[in-house]
Structure formats: C-alpha cells, structure tokens
C-alpha cells in the first residue's frame, strides 16, 4: 500500500510539475515521463506482490467532507486491474516521450500533466473504497482524458469527440451517483464497507444504474458512441491508455458494485451476456467496415469489451444457478481477457501511432508496404493482430480458451444454461473469425503489398523510445501466451475477492489442466514453427531464390493502384451484414466515352449513433424549440404564468 | 510397436493425408469416365516441389515466406489433438477443440496475410473470400462441436468421440445425422471443394484458395499443398469418428476400419464433386448458413429432448 | 358604521369593474386613485372601537399618497411619454368584464374555503381578493407600461384591503416599511417609465419584447 | 454588532450618493465591503465560540440568517473588488454594443455605487430580519435597489430587462405580502404574532388551512424572486443585460435572500406538521425549474443567459433538496453556498469574456484559448465546477440530494433528476466547448487582449473556494450548516 501511495504521489507531483513547466516543454516532458515510469515500477511491484500473495491491505483516513472518507483498499481485484494501468501508463509515457517530440511543443506541459493525472486518477479509482473518493477519481479520470482528447482541439472532429465524450462521461457519472445512492441510502460516510444490497426494486435499479454508468465508460453497444470518436482523436499513447486501460475501469467498477449486490437474479447475467454478445459482434462488424486505422482499433475495443461482458454475464448466470465452477471459469476468462486486451490493444495503438507519426495519416487506403520501411513496427503490429484475433500461441487465445471452455461446460448435461453457452461459443467463433478478417485487412493494407499513395514515401522507422515502449506489451503478450498457468494463482485470488474464498478452488480444479496444456501447445507450436523454418532453410540451402514481379495472372505490369484495398477486402462481408453496417458508397458516374479519373469510396455509418442518439437528441431539441415560446418576451404572459400557477396551486392544494 | 500405437493416428495422418485428394480425384475421374491422375499424384508433386528453387516477388517480405510454414505448423499441431480410431489423441484436454479451431484460424491468418503481402489484386480477392467464408464456417463448426459436447457431456475432442457410442446413435440418431451433414458441408468449404470452390478451376477470378497461393513456389508451395491435405484429413477423421461409433478394442481392426472410413469420406467428397456444380460465389455463404442451421437445429433438438 | 364600510366595499368592486372597461388612460389613473382613497378611508369606517390618532394619521398618509402623489407621478409620466390616450387592451371589454366577475366569484369561493377570522364587514375578503385579481387582469391584458403600474397599484389596494379584512395587528413599523416600499416601487417604476419613453419614444410594451429565447426560425445550425 | 452590520452599508450607500470624487467613492465601496465582511466574520466567530450576539426583537441573527449573511458578505467583498476594476475599465472605454455603431452611456457612478451599497444593506436586513413583515419589506427593498444596478448600461435592452425585473418581482412580492397576511390571520385566534420566535413556538396552534394558504402565497411570491420556474421569466433578461458584477450579485446573493424567505415560512409549516405539504410543492417546482432550465439551456445562444438558466437549474436543485427534507436541507444550504461561489466566479469571468470578444453570442466566440488563455481556462473550469465535477461543493450537494431522493424511495424523481441534469450538461458543454476551443477566426483590426488580472482574481478565488469546500469542509462551516439546516427544518 505504501508503494502505491508513493506512486500516486509521484504521479500527482509529475502532473503538477509538468503543468508548472508549461513554458519549458523539455522539462515538462522529463517530469511527466519520469514520474510515470517511476510510478509504474513502484505500482507494478506492489500490485504483483498483492496478487501473488493474495494479500489485502487497507487504509482509512478521515476526510472532512460529508459522506466522504479517504478509504483505500488493495485487494486482489484491485491489484489485478492495477497491473494494466501501470504497465500501459509506463509504456505509454515512454512512447509518448518519442511520439509528442516535435509537434505541439507549447502544449507539452498540459499534455503531460493530464497524462500523469489520468494515470493517478485511474489508480485511485481502483483503490478507493468510498463513493465520494471513487467519484472524484472517476471524474478526474474523465476530465484528464477529455483534455487529452482535445489535444488537437483545432480539428473539428476532435471537438466533436470531446463533446460526445464529456457528455456521455457526465451521464455515466450521474448514473453511478444514483447507483451509489441506492446502495447506501442511510446517512454517514459512503464507505464501500458499509454498502448493502437494497431490497426489492431498488436492487434492480442500482444494478441498472451501475450497468449504465460503468457501461458508458466500458463502451459496450449501445453505450459506445463516444469511443470510436474519442480514441482516434487523442494522441496515440493516450489512445493506447484509454482503450487499453481506461475503459477497463468500467469493468472493474461493475465487478466491484456487483460484489455489493449479491445474490444476483438470473436476468442480470442474461442481460449482461446479451449486451456482451451484441457488443462483440457489432463491434467487430463496425471495426471491419472502418478504413481509418485508429477508428478501426476503437471499434475493436467495443468488440473486446463485449467478449469480457459475455464472460461476466455467463459467470453471473452460473452464480445464480449455483454452479461456481462454471462461474469461476467464465469470470477468470473475462478478467484475463481484460488484461490481455490492454496488452494487445495498447500495442496496436502504439503501432498505429508510429504509422501516423511517420506518414501523417491513418487512412488504410493511403498506406501500404510499410513493413519494408518500418519492419519492427510492422512485426509488433502483426503480433498484436494475431493476439487480438485470439490465435495461439499468444495471450488472446488463453482468455478465449477459458471463455470457450466455460461456454462448452454450460452446454453440458446439466444444461439449464445451455442456450447461453451456445450463444457464447457461437459468438466466440464468429467474433474470432471476424476479428481475424478485420486485422488481416488492417495490417495487410498498412504494412503489406505496395504503397497506395505517396504519403508513405518519407516513412521512417519509429524512434527508440517508441520501439522500446512497444516491447513492453509485446513481451506481455508472449509471456501470457506461453505461460498461461502462471495466471491461475492471481485469477484465483481475484475470484476469491469477488465470489468469496470458496470460488478460488474451483478455478484450479477446472482450469489448471487446460491452461497447462494450452501452454504446452503454445510452446509446441513455437517449436514446430522453428523446426519447419529450419527445415525450409535446409531445403533452400545452396539455392538462390529467384526474384521477379508479382504474378498477376499474365498481366505484365501491375501497379499499386490495382491492389485489393481495405474497402474491397471487407466488402463481401459488409455487404452480407448490410442491415447492421450501413455502408454508403460513393460511386462515380461515368458519362463520357473517355472518362478521365474516377474514384469510388465507401463510408460506414455509425448505426447506433444515427438511429438512437441523433433522433433522441433531435427530439429533445425539437421539444426545447417548441417550448422556447414560453420565454417569448412579453411581460403580460410572464405575469400570467405567476397568476396561473398561483390559482392552480390554490385550487389544488386548498 | 507399443510406443507407436498411441501415435499411430498422428503417423497415419502425416503419411496418408496426401492420399485423400488423390482418392477424391480418382472418384471424380471414375464418375467422369476418365482414367484420371494417379492416386499418389500429390506425393509426386510434393517431392518435386521440395526440390525446386522458389521465385519470390520483389513486393513480398518475410511474411510471404513465413505464411506456408506457419500454416503447416498450425495444422500439424491440430492433428495431434485429433482422435483416431476411438482412441484419445496425444494432446487431449478439456477445451482442446477450441485449440483446434483456433489453430485452423491461425493457418488461415498466415495464408491470408501471405497472400496480401504480394500486393496482387487476385490474391487479395482470394484472401478476402477466404476470410469471408471462414466467418460462416467456423461458427457452424463450433456450434456443431458444442452440440456434441451437449450430447456427450464432454468438452474435449477425444472425450466427445470416445463417449460417442452405438447407444448414443440409437438415442440421438437424427441429431447426429444433422451434425454429420453440417460437418461435411463445413469440410467442403474449409477445404475449397465443390460446391464452395473448385480446386481444378483455371479461372483466377472465381478461385478462392488456389488464387491465394498463386505466387508461392518450391518448398513453400509444398508446405501449402501438404497442409491442405492435412486439413482434409482432419475433417475426414472427425467425420469418420462420427460415423464409426463402434470400436472392437482390437487395435488393428479399429485402425483398418477407421482408415477405410476416412478414405470413404474422401470418396464421398469426390462423389459430391462429380454430382454437383460449383455454386456462385454469392451463394456460398448461404450454403454455410445452412450448415449452421443444421448445427443449431441439432442443438435445439437435443436441448428440447 | 359598518353600513358605510360595506358601501365603500361595493364602490371598490364597482371601481374594479370600471377599471376593466375603461378605455381612457387618464380615467384609469383617476379610478385607481379613487380606489386608493376609498381603501385608505376604510380603516376609519370599519374599526369597531374609536378612531385613534395613530390610525387617523396613517389613513391620512395613505389617502395623500394614493389619492394625490401617485396620480401626480403617473400623470406626469404619461405626459412626458406623450402616450396616446387609450389603454389598448389585448382582450375585448366583454371578456374583461366576464373575467372581473369571475374573479369575484372565485374570490368568494376562496374566502369561504378558508377559516378566516370573522370580520364585521360583509364582502370585504372577496372584494379584496377580487381587486388583486383585477390588478392581475390589468397587468396581463393591457399593453402600456403605465397600465401595468396601475395594475400593480390595484393589486396593492386589494392587498391593503385584505390586510384590513384580517385585522392583523401589524406593528406600525412594519406598516410603515410596507408603505415605504410601495411608495418607492411606484417611484422607481415612474422613473423607469420615463426612461422607457425616452428610449423607445412610446411606452407600448409590445416593443419591450426584444429579450426572448423564442426561436421562431427553427433550431438553427 | 448586528446594528453595525446593518447600518454600515446603509450609511456608506447614502454617502456614496453625496461624494463627488470617483476615486474616494471606490475606496469607500472597497472599505465598506471589507468592514462588512469583517463584521460578518466576527458574528460567525462569536456564534461558533458559543456566545452569539443576542440582537434585538426586530433584527437578530440565527444560524440560518448568519449563514446567508456570510455568503452575501463574502460575495460582496469579491464583487466590490471586481467592481472597482470594472468601473475603471468602463470609464476608459465608453460602451460600444455588440451591434455596430450603437453607443450608449453608463449610469452615473455615484448612482451605481450607492445602489450597490444600499442593495447590500437591504440584503443584510433580509438575513437579519426576525419579523416576517420586516423580511418582506427588506426583500422588496432589494428589488427596488437592484433595479438601478441592472440599468447601469443605459440602453434599450437593459431598460427592458429592468422593467420586467421590476414589475414581475414587485407583483411576486405583493403576493408574498398576501401570504404574510394569511400567516398573520392564521395566528389571530391563538394570539401568535408575525415575529419568527413566536411563530415557531406557536406553530402547532396556527390555523392549518390558513397556514397552507400563507405558504402558497409566500412560495409563489418569494419563488418569483428566487427564480423558480414558471416565475423565473425575469431572470435571464436581468442577468444577461446587467454588468457582470451585478449578475454575480443577483445570482449569488439575491436569489439566496428569497430562498431564505421561503425557508423561514417552511420552517413554521414544518413545526405545524405540514412538512409533507411544503415538501411536495418544493419538489414539484424544483423539478419544473430543472425542466425549464434544461429546455432553455439546450441550444442557448447567449452565454450570460446560459448562466442565468443554470442559476434556475440550481435553484430547482436547491428547492428539491429543501423539499426532500432531512439531510436534503443540509444539501440545499450547501448548494446555496456552492452555487453562489461558482456562479459568481463564472459571471465575473463572463465580464472578461465580454470585454475580450465584445459579444454575448455563443456562436460568435470561438477559440477563446487563443485570445485569452487564462480567461478561457477559468471559464472552462467554472463550467466544470458548476455542472458538478468533483471535487466541488456542487458535486457534493448534488450527490446528497440524489442520495436523499433514493433514501426516501423517490426513484422516479431521482431518475428524472438525472435525466434533466444530463440534458443541462449537454447543453452547457456544447456552448463552453465551442467557445473555449477551436481555431479563432481572424478579425480585422483586432488588438491583442490584455487579460485584466484584477477582474480574474476574484473569479478564480471564488471558483477555488467552490472546489475547496468539496475537498475540505471545515468543522466550523459544517456545524454552521448543520445548525442552519436545523433552523430551516424548524427543529432549532
């Protein structure tokens, strides 16, 4: 706990120093980065220690504000979510040191201040055990990331994103206030330790409010609208942190609050699972239809949050069914996927950032062939792509294995949850293939083939700090993939703090063999690939492979423009899912006999935003517009309101 | 011999897999009234390709070269988890079917990336189609396996097919038939056979799998061809496991019967290819959705029991 | 004595009606002044015991203010502003009369609903409340700024009578404070009218509706 | 000391009319404000130390009055410093309206300063009144004395605003007088007068039906002044057309005075066992105010009107808190304090924004960060604080009201409350983001803007205080708030 307090202090100090040094960007950057790195090291040490020793420590200081107390609790659940925070903010800071170098120097102070504040507030969110403290940290998190989203506030998209983000964040925070109020209606400080499940409809209301509030941060469909706008708008290391870690705070909060609401009715789990499945499928379909790299990654975050929620939902269903083994499996699948997602999504956003910094664009249709100019970045990005598609031997597979195993177990003979199990495994399979298609498209159009425009001409490999930063999540991906059994103990500890100490044993009973085998399979796969590669090398020994143009079925001079583009790649799938993905195509109209230039492009419409939010906003604005007559400026009417209200009150109340 | 027995299934797969395309082709030739190529043609091809010097496009990078090796490696590992003749596979654990499905995914991922690395319009087209069909094939396959898990109460491939007995067939014949049909359709699509794809077509615009590997040559192409035959073996073995629920316990009898069944599946593929025309590309997803519907129906029937 | 007081009450109600139908601005001012004078006299007539010096002095102040000072202020404002002589109601006269009568009915109903302390004078509570409502009527249905001040004064008259009706023993200090406030209010309003007439060239309040949030043109941008 | 705090602004105000010299008048304003705050602080200090000043029968301070006195005095202290600097800048640059070529003059400084001080005197009297009639007279006096302040800029629109303010509030206050008469009538039989102590002690003896009528009239009357919908109509006009410093005082101090009037009567009602009756009405009009604020904040084009509607929103929330009772009253009083601080800070800043941009139209202000970075930062911070971003008093009181709504089982109210808050937030966020951020269009012939530190300092200070009470509510303030809440609940 002391180490964590130290890292909190370091982050806050770094933030303050960076803001104070806003006239000297280099000093601000040094302060911000150094604080973040040091804090990461301290924090990681502390949380790993807690996680592996299964410890529990708390701290409670009085805070002279109504309902508040400065209560911190470090239990395994908190420690588990601290790991991605510290991993990614540390790596992000290192990356940002290279990424922010050179552009927008006058904003460096503010940017680093906000970045360190974001790290500190996320740490505090996870640690706090009092509603007022939690909300303070929560809103500081929203505020600091809002400022970072508006880093490039001269761009209208950034302002739109910032607006959407701020408003959805505020709505979510208000819902959380309601949830906390329902959990602790009686007077006194709102410490988590004093929370109790309210009776009757209030429990359901608290659950729905928490789902809404945390869901708006976690960004599952249909509460995700801010996500694909805000993540691309922020600088890439911030996108990595936001997408990789910050949205996980929604999952953390949901888990924390669900802990107060036990026992859970079955429909809660069903609802969460349904939201999860919709988010997973919808998210990946929308991702597939995007052709801006960071937007694609943002939608893919929606998909992964969906997978996590599916695990949570199945686990909750299992708990209300009394099947703790199944619950342990699905919860740990969800938890591990949360960690995994922060690793590979962090890596992918950093990779995307390197591409954007080096070429100035993230448009897939303008890129291509970058693996020759940026080989290391390309390898990292490919690694991330494989991991996010859930492919062995990487970490994504491990968590999807746990989820799939849970789904299959739910299908077992005691099959009250069988339909849900079927939903889980079908969604997993569909999402897995769609994600693979999506990331093949992304990495293929950015790094493979030939450049599609001149934007890539000046591309250079990312700088040292950026590459070093990318190595951190990359190492995590490989480690979790190769040694999944190591996750068993921490996950058991976390399960213990959610479901009670009994649940921990179930996990090792059911998951230790599969995890060990998955690790063995991963190692075996690695060895097999090495063997095959060696065999290939041996076969080719002494022979000099020929070189030539790509065989294009007899066409002698293929040009880069003839390549399959990102839109063409995904078109068959997007066409099939037309009702969900509204792709608007702009087709050229060819009229002359010798048409000169023509281009064709497609754009995916944000379905939920267009069909849910825009009409609702329009309806409310229309209402406001209609009622604006009330303030029409005539004194007579104003006095009449008073008279009418008075007479109405007299008639009604006397 | 005793040490070999547990591995016999794996060995048989490695050695006999290239036979299956030959069998299918021979059956096709029979129906067409032709003599056809030799059954061992793929062995000859592989031997020749391994000796050839490859040619690489200047556009491509290491990803292009790694693709075939990764694809082959993934399939090799998948086969270690495939049960054989009523016996457990060398690699069997709860949830191993997830591993197998995701390994197939890895192979696809590598192949598709390698195709995109060439920067060729045709290969990109094939890659796109491959990715598209997988989206439908894989859920159908997973759901089918899930239905089997529901029937047998086991969640590993070896466990499922170990628990599949005559009694199971007697109790749930319609369900199992539906699942067999679903697996067969998935097999046709995953292995680029008619009616999803035509391995013998010569029109690049209509190809799927073949067009993706246009640029590969030499040992790389050998890896790909061998990997494709392993994939066919994998599905054929699963279907054989489905339709052969009875095991005598004698190793030789079981193995012989099982091999016959696998070859029978290959022959059935050939028969289907002779009897049907290739579907239009747009209709292929409908075929796979039908397979998905079969799997779903099987599960529903089982749950409603 | 109560007969006299009741006569005054009836007169006050008639004045309400008169205000509702009068079209001339200066007539309106005179009617309001008359009502004020009558209201000021009322405590002298309605008191059960003898008339103390304090009450008499207070009544004198009120009569002076309402009968002389306010009309003078208002007529001055009217002259300065050069307003036309009509009050320009927004509703027709029959409607005004109907409203006035309706307000008397409503006031009677309200008075009967409330367990008010007994008064010696009949109709005083309904009359006072009806006068308040007539004040509202004047404010809401007339367009000129001066008529709005008149409406305010009528309301104050009503409230004053209402206070008498309840025989609340107000300490003199509070009475004075209230009176002072009313006086200052009218004074400030007079100044405001003066400024309005200077800025706008007339005191039609239709002009005074620039400050509004009414988005007629639709939700822009 | 009570006498001193009452007389000081009165005498200085009269003096200000007489003084000839601008500089000495300004220092009179500053020193009066300082002395007034010192006296108020001393009063609070004596109360805390357990020896509250007894006061007279007419004027005395109970904790509730003391609390509002403290807010008023603090706000006036900031406002006086702001005003001194503001008058200076107004003097140098004669006002040019947003409409080109439309010039106006300002009211004489003597009138402005004098009215300002007398306004303070009237507000002090409101907080000190122990008699309902006197309270009424003081509230009416605040209306009359603030009218000249609103009409500082002598042009059409501010005149219109003044006129509406004057008439609507006068009508409202007249109704409050009727209410007071009912209150007196209710006590006639029991022999209970209109002074607060006897009203409170004799509350159970009062005629219930008359007491109800009294509350209704008083509520509508003071509610008009407090800016509760649908009686709020004067508020956006007056706030938008008056100088920033006056808007700040109107919003931060004057509305509170009217709130005090309502609380006084509702305390009596609570004593008489009518807490549910008053609570229901307060809740209803609280929700109506929130609804109105939400509808008019959405798509609002004038940023000072936006702030005015935000005041209506907060008055609605405070009314909700008062209606919920119990800890809700504490929340309402905390809300009054936090709203005063943050809204005054925002209005102060709005004056600087107006000076920088010469327009009150939101769509015409873009990229304020480029022209006036410090102002823009304070402006943005103020927005976040007033909308309840923690840590701040606004956040705390919002949270407490919600908690109380949940505790009393009013889930629909809680849900509606949240929904309306989201709409308000969305409307305000759009305005503030579009003003603060973005590219600034080139305006020909525009000189670089020097940010007036003297005007920004009080704004920043108030906003800082609003944040501070969210971080650290000192023990003395807590006990003052608790005692004041007990006063308002009629239990002390």
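Order of writing sets the chain letters: A, B, C and D. Residues in each chain are counted from 1.
The rule is short, and it goes like this: contacts are C-beta pairs under 8 Å (C-beta built on N, C-alpha and C of every residue); 3 or more make two chains touch, one makes a residue touch a chain.
No experiment lies behind these values; they were computed from the predicted model shown.
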Which pair wins on C-beta contacts, C-D or A-D? A-D
Taking each chain's centre as the mean of its C-alpha atoms, which one ends up farthest from the centre of chain C? B
I'd like the Å distance between the centres of chain C and chain D, where a centre is the mean of that chain's Cα atoms. 30
Which whole number of Å gives the spacing of the CA centres of chain A and chain D? 43
I'd like to verify one number: the distance from the centre of chain B to the centre of chain C, where each centre is the average of its C-alpha atoms, in whole angstrom. 97
From the C-alpha centre of chain A to that of chain B, how far is it in Å? 35
Mind pulling the chain C residues that touch 2 or more other chains? 113-114, 136, 139, 148, 208-211, 213, 215, 219
Touching at least two other chains at once: which residues of chain A meet that condition? 621, 624-625, 628, 631, 635, 637, 639, 650, 654
Multi-chain contact sites of chain B, meaning residues that touch two or more partners: none
Go ahead and list every pair of chains that touch. A-B, A-C, A-D, C-D
Using the touch definition up top, name the residues of chain C that touch chain D in the complex. 113-117, 132, 136, 139, 145, 148-149, 152, 155-156, 159, 162-163, 166-171, 173-174, 177-178, 180-181, 184-185, 188-189, 192, 195-196, 199-200, 208-211, 213, 215, 219, 221
Quick check on the complex: what are the chain D residues that touch chain C? 58, 131, 133-134, 136-137, 140-141, 143-144, 147-148, 151, 154-157, 159-164, 166-167, 170-171, 174, 177-178, 181-182, 184-185, 188-189, 193-194, 207, 209-210, 213, 236-237, 240-241, 296, 299-300, 305, 363
Help me check something: in the complex, which residues belonging to chain A touch chain B? 368-369, 371-372, 375, 382, 386, 389-392, 397, 400-401, 404-405, 407-409, 411-413, 415, 418-419, 421-422, 425-426, 428-430, 432-434, 436-437, 440-441, 443-445, 448-450, 510, 513-514, 516-518, 520-521, 524-525, 528-529, 531-533, 536, 539-540, 543-553, 558, 560, 562-564, 568-573, 576
Residues of chain A touching chain D in the complex: 64-67, 131-132, 135-136, 139-140, 143, 150, 153-154, 156, 159, 162-163, 166-167, 170-171, 174-175, 177-178, 180-182, 184-187, 190, 201-202, 205, 617, 620-621, 623-625, 627-628, 630-631, 635, 637-639, 641-642, 644-646, 649-650, 653-654
Inside the complex, what are the residues of chain A that reach chain C? 621-622, 624-625, 628-629, 631-637, 639-640, 643, 647, 650, 654
